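Chain nomenclature is as follows: A, B, C, D, E and F, assigned in order of appearance, with residue numbering initiated at 1 for each chain independently.
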Amino acid sequence: MTPMVITRVERAEASVIDRLAKLGVSTTHEAMGRSGLLQPYMRPIYPGVTVAGSAITVLAQPGDNWMIHVAIEQCRPGDVLVVAVTAPSTDGYFGDLLATSLQARGVRGLIIDAGVRDVRTLTEMNFPVWSKAVSAKGTVKATLGSVNVPVVCAGALVHPGDVVIADDDGVCVVPRKLAETVAVAGEKREANEVEKRAKLASGVLGLDLYAMREGLKKAGLVWRESIDGPDIPWPPEAR
Amino acid sequence: MTPMVITRVERAEASVIDRLAKLGVSTTHEAMGRSGLLQPYMRPIYPGVTVAGSAITVLAQPGDNWMIHVAIEQCRPGDVLVVAVTAPSTDGYFGDLLATSLQARGVRGLIIDAGVRDVRTLTEMNFPVWSKAVSAKGTVKATLGSVNVPVVCAGALVHPGDVVIADDDGVCVVPRKLAETVAVAGEKREANEVEKRAKLASGVLGLDLYAMREGLKKAGLVWRESIDGPDIPWPPEAR
Amino acid sequence: MTPMVITRVERAEASVIDRLAKLGVSTTHEAMGRSGLLQPYMRPIYPGVTVAGSAITVLAQPGDNWMIHVAIEQCRPGDVLVVAVTAPSTDGYFGDLLATSLQARGVRGLIIDAGVRDVRTLTEMNFPVWSKAVSAKGTVKATLGSVNVPVVCAGALVHPGDVVIADDDGVCVVPRKLAETVAVAGEKREANEVEKRAKLASGVLGLDLYAMREGLKKAGLVWRESIDGPDIPWPPEAR
Amino acid sequence: MTPMVITRVERAEASVIDRLAKLGVSTTHEAMGRSGLLQPYMRPIYPGVTVAGSAITVLAQPGDNWMIHVAIEQCRPGDVLVVAVTAPSTDGYFGDLLATSLQARGVRGLIIDAGVRDVRTLTEMNFPVWSKAVSAKGTVKATLGSVNVPVVCAGALVHPGDVVIADDDGVCVVPRKLAETVAVAGEKREANEVEKRAKLASGVLGLDLYAMREGLKKAGLVWRESIDGPDIPWPPEAR
Amino acid sequence: MTPMVITRVERAEASVIDRLAKLGVSTTHEAMGRSGLLQPYMRPIYPGVTVAGSAITVLAQPGDNWMIHVAIEQCRPGDVLVVAVTAPSTDGYFGDLLATSLQARGVRGLIIDAGVRDVRTLTEMNFPVWSKAVSAKGTVKATLGSVNVPVVCAGALVHPGDVVIADDDGVCVVPRKLAETVAVAGEKREANEVEKRAKLASGVLGLDLYAMREGLKKAGLVWRESIDGPDIPWPPEAR
Amino acid sequence: MTPMVITRVERAEASVIDRLAKLGVSTTHEAMGRSGLLQPYMRPIYPGVTVAGSAITVLAQPGDNWMIHVAIEQCRPGDVLVVAVTAPSTDGYFGDLLATSLQARGVRGLIIDAGVRDVRTLTEMNFPVWSKAVSAKGTVKATLGSVNVPVVCAGALVHPGDVVIADDDGVCVVPRKLAETVAVAGEKREANEVEKRAKLASGVLGLDLYAMREGLKKAGLVWRESIDGPDIPWPPEAR
C-alpha cells in the first residue's frame, strides 16, 4: 500500500527471451496452456514488429504519468516497460520524449493499458508500443504510484522480471521461472507445425491429419445433402 | 437443432460474383436498397483487398473452432468462409494453419464474427480476413456446431451459397438469387457515378447536380449571414 | 432551433493555421492548457497526414447526409469540414463523390463523428478523414440540420471558423481568437523540447532533467530492494 | 428489396405460446439446443415480467420510426412487436403514445434493437420493453422500411409469426414450426430440474449428481493441497 | 485557459424551470427541435425521479474531484451540479459527503460524465444522480479545473445557468434564454398528446390519426399478403 | 499450467470479514490506498446487498462452466465464489441450480467476470451476484480450468482466501494478510466521516472543513465575476 520503487529485479536469461520472441505471442500462449494473454484491445501502434523483454512494471494513477518518469531509471537494455493503471483511462501517458529516454537505456518497447501519443514520431523512431488507445490527452505529475510491484495490466498479472512478448497478435506474459519450459514447449509445437503446414498446403484435410472424423461422428454430427434430407451414411465414403 | 453438415450448396455464377467484386461493398449495398451489410465492427486485417465468393457458413461454439475444420472439406475454389458464433467472442478461432488449408482449396478469404490470429503470417500469405478482433487466444475442439446452415454473422443473415463481398468498407452479403439483379443495378449506379464524379471534380455543386435547392427551401431551410440575422431571400442569388 | 445555413464565417489567418499544423495535435492541445481534444475514438482512415484548417461545421440528422451537400457550397480553400450528428451513429455519411466535391473547393479534410466509406478511394485521392467508424451503410437526404452553427463533435465544442488540427494522435480544435496565442505557446514548448530530447537521448534522466527527485521524496515515495525490505536511504546514492 | 407490408402472418397456437412463456428464456433456449438468443445487450426497461407472443416484425431506418406506425395495424392480441434497424442506433424510436396504441390492440410487449423513451410511463402502463438503450432522442417519419419481412434483430433471425419469449434473462426466438417441439423438450428439462434442485438443496454435489468425477479425472484434472504439492490420489477419498 | 471560478451566474426563472420539470426530458427535447440531449449512456442511479434546475458547471481533471469541492460554494437552492471531465473516466468522483454538502445548499441533483459512488446512501438520501458509471474508485485533489465555464458534458454544451432537466429517459439542457419559449412549445405539444392518447387508446390507428396513408403510398410502400404475392390495391379497403 | 484444484485455502478471521462488510466497498478501497477494485462493469443483479467473504477462485474456459461445478465442493460457509475467465465472455455460466448448491454450502454470493442467468429466481432466492452481463446463453462442460489458483477477475488479482467485499458500488478484494490492517484503517476513516458529515450537513463548506482555499490559491485558481473580468482579490472576502 505504500507507494514504492523496487530496485532489484531478477530477469530471465537473454537467450530464453530471444527464443520466446522467435515463437511469437500465439505459440507462446498455447505453449503455456492457453494462458498469459493480455486483453485483445491491446493493439500495436504500427504492425510488423515482435518484441520480447523483461518486464519493468509501473502502476500509474488516472491521467498521471509521474511514475513512468520514475521507472526509467530502473530499466536496463532488453527490458520492456509495462504500464498498468489504477482505473480505466485512454489518456496519452506516453510520447516521444519518454520514448527517447527509454531508447537511450536500451528498452525494447512499451505495453500500456491506456493511451499513447506522438505515434507518428514513435513509428519513425522504431519504438514499438502496444496500447489500449491513441490519444493526445496530456497527463500530470501529481500523484504517486509504484514501480516494480506486481500489476494487473489489461487483465493479465505481470511481475517485474516476467518475460513479455508482443507482436501483431497481441501481448503475452510468461512468468520468469517458466520461461525456459515454455520456450521448449513452444519450439516443440512449432516444429510440429512445419510438417503440418506442408501437409495442409498439399491438400490433406485437417479432418484427416488430426483424425477428427471418428470423434465428430461419436459426438453426434450428421452429414446431409439438405437440411431436411436423410443422413449421409458415413462421411468419408460420401465424398 | 441437430448439429449437421450440409454438403450440397448452390452457388451463384462465377461471372456474376466477379461483377459484384468489381462493384465493391458500398455500391453493392446501395444497389440492394441499402441492405445486406454486416456490422461495421468487421474490419480487414490488412487494407487494399476486395474479395467476393460463395459463402460456406459455419456456426461455431464459444472458444471452439472444431466446425471450421469440418467446413474446409465443403469448400471449393472461389468460396469464402463465413464463421458465425453462438455467443459474442473475441477469441482467435483461426490462424495460419487453417488458412493454409483454405488456400489449398482455393478459398478466397474469411469472414469471422470473432477473433483471428497469426495476422502477420496471414498478411504475408495474402489470405484476407475480416474479423471482429485480433486475438492470440487459442480455442478447443470439443463442442459441435453446424456447417452450411443459415447463420447470422455480425448482424446479417447469410445462407450457404450467398455471395459475400468484402473490401475496406466492410462486408456485404447478396442472396444468391438476387446476385444477377444486384450486379445489374450496381453497374448502372456505377456508370452514373463516373459522369457525376467528373462534374463534381470540375466544381459543379451537388446542390445543383442533384437539384436539391428547391427541396431544401420547401423543407424550411433558411440561409443567413449570422444566427440572429435576417433570412437571405433566395440562396442562389445570394452567392 | 430553426434549421439554417450561416454564410459568413470569420477565419483565422492562413499563416497561423499553418503554424498550428506544424505543431501537431499533441503540442497544440498542451499549449491550450490540455484542452480542445475530440474523443480518442476519432481515428484517421490512413496514417501519416497532418491537416489544419478553418472549420465549416455541419449538424446532421441520423443516417442523413443532406446537410453535407448543403455545406460544400460554404467551403473555401483551406477549410476543414466538421460533421457532428444529433445522435450517435456509425453510418457511412461520406464517400468519394463528396470528397471529389470538397477537393474541387480546396477543402483539406473531413472530421466526422460518424462513419465514412469508399476509404480506399479516399486514400488514393489523398483526401484525409478522421472518423468514428468505417461503414458502407448509405444515408438518405430527408431531414434538415444546420450548417455553420456551433456544434459538439466527438465531445468538443467547435465554432465555424475555429482552427481544427488533425494528425495521427487525433483531432484538436482551437478557438479562432486564441489561434495566434496558442501557436506562440506551442512553438515555445516545441523549442524547449528539442533541447530536452537531445539530453534525454544522451542518457540524462527525466528525473534529473525535470528535478523531480525532491518532489517524489516529499510526496512519500520510497525506494527498496524488495517489497518487504528496508527503505533505501536516498535514491541517487543508491544507484 | 421493395419496401413492403406483409399482411398475412401465420401464428403458433396460443396454448403453445403460453407454455413457452412458462418455461422462460433460459430453459427455452436450452431446449432449442442453445440457440435462438438475441444479444445480451437487450435489457428490460423494468424487471420481473415474462412475455411470449407471435412476432410482428419491423425493419426500420436510422432515426426513423415511420414503419412502427405502419406495423401496428398488422398486430393482433397476443402479438409481440419486434423492431430491427438497418444500422446500429440508440435513438428513442418508441414512447408512450405508440405503447397506448399497441395496448389497445392487445400487443404484449416490444423488442427493439435500438432505444426507447417515456420509460417511466411505460412502466406505469405495464407495457414491457426489451431494448438496446433508453434514449429521449426523437425520430422522424421520412424513409420507408418494411413490416413482416424476416429481420435480424440483435443478432437473431426473426420471421413474422415466430414465437418470441422475453424475461429478465433476455430474449429468445423460437421458429413457429418448432414451437410445440421446443415446448415439450423444455417441459421435460424443467421436470428434471425440480428433482435436481431438491437434491442440490439437500447438499448433494453436482459433481456426484451429474457423475462428473470420472470425466474430470480422465480429462486430466488433479487435486492438490497446494500448487506445488503432490497430487491427491483420488478426489472422493480425499474429502 | 486559466483555471477559474466564475461567481456570477444568471439563472432562469424558477417558475419556468418547474414547468420544464413537468414536461420531462423527451417532451422538452422535442420542443427544442430534437436537440439538447446528453448521450444516452447517462443513466440515473435510481429510477422514478425528475429533476430540473439551473446548471452550475464543473470542468474536472482525470481522477480528480478538487473542483467539485470548489463548486459547492457557488451553488444555490434549485441548482443542479453538472460535472464534465477533460478526458473519458469512470472513476467515482462523487459520494455521500459531497451529496450532504449539496443537499445542505438546496441543490437538486448531480449530472456527471464519469462515475459516482456510495449509491445506496445517495438513494437513501433521495439525492438523484445521472452518471456514466458507478465506481468505488476514489479520486485525488491535485489538479485545477474550472467552475462555471461553458462545458461539454456527455456530448452536450452546457453554459452555467442553463436549465438542466433529467428523468428516467436521460438528461436534456435548455439554454437559459430559450427556457420560456421551450416551455410554451412543450406545453402545447403535451396538450395535443392528451387528446391523441385518448384516441389511440380507443383503437384509432396512428396511420389514420396522423393521416399517414397517402404519404406512405406516395413514398412507394406496398401491401401484400406474402413476399412474392401481388400488391394489395389500396390498403384501407384491404383490411 | 496443469489444470488443478487446490484443496487447502487459508481464510481470514470471520470477525474481520464482517468488519469489512460493514465498511463497504468504497471505504475499504480507500483504506487500502485506493486499490483492490474490480472494473466498474461488474454490477449487482439486484441492489441493496453487501456481501463479504473468503474467495474461492475459479478459472473457467470460454462458454464452459465445468469448473464451477468442481469448485462448489471446495466452498465452506462464509465463502464467496469468484469466477474468472480465460477470454472475455458474456455467456450465462451460472443459474439457479448452481446457486441452490452454493446456498446449501453457505456461500454468500458470486462474483463472475462473465454472464449470469435465471436472475429473477436468484433474486427471489436472495442469492446475490455481481457480473459483467446477464445472458441466457448456456455453457458446456468440456474443457478443464482450475480452482483455487490466483486469478485475475475483472482486472483485479484475487488469491484464494482473500476477502472479497461487494455492494452497490462494485467489488473490492483485500489480500488476506492485510484484512485486519485494512479493517482498522477503514474504521478510522469511517469514524472521521461521521463528524464530517454532520458539519457538512450543517452547511460548513468542504473548502473550509478541509482547509483547501490556501492550496487552491497557490495552485493558481482565480475567482472572477465573469470570464473576462478582473480577478476577485481573495475568495473568502468576496462572498
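Just so it is clear, contacts are C-beta pairs under 8 Å (C-beta built on N, C-alpha and C of every residue); 3 or more make two chains touch, one makes a residue touch a chain.
Since we're looking at a predicted model, the values are computed, not measured.
Note on connectivity: the fewest steps through touching chains from subunit E to subunit F is 1. Comparing chain pairs D-E and C-D, the larger number of C-beta contacts belongs to D-E. Both copies, subunit C and subunit E, contribute mostly matching positions to the interface they share, with over half of the numbers common to the two. Put simply, the chain farthest from subunit F by mean CA position is B. Each chain's centre was taken as the mean of its CA atoms, and the one lying most distant from subunit C is D. Computed from the mean C-alpha positions, the centre of subunit B lies at a distance of 30 Å from the centre of subunit C. One finds 42 Å separating the Cα centroids of subunit A and subunit E.
Residue positions 2-3, 34, 37, 40, 86-88, 90, 135, 137, 143 of subunit E are each in touch with at least two other chains.
Taken together, the chains touch in the following pairs: A-B, A-C, A-E, A-F, B-C, B-D, B-F, C-D, C-E, D-E, D-F, E-F.
Considering their complex, residues 61-64, 86-91, 135, 137, 139-140, 142-143 of subunit B touch subunit F. Remark: subunit F residues 25-26, 29-30, 34, 37, 40, 43, 47-48, 167-170, 172, 193, 196-197, 200-203, 205-207, 210, 212, 216, 219-227, 232, 235, 238-239 touch subunit E in the complex.
Of all residues in subunit E, those touching subunit C in their complex are 1-3, 32-35, 37, 39-40, 86-88, 150, 152, 155-157, 178. Listed in rising order, the residues of subunit E touching subunit F in the complex are 2-8, 66, 69-70, 72-73, 90, 92, 95-98, 100-101, 103-105, 115, 117-120, 123, 133-138, 141, 143-144, 149.
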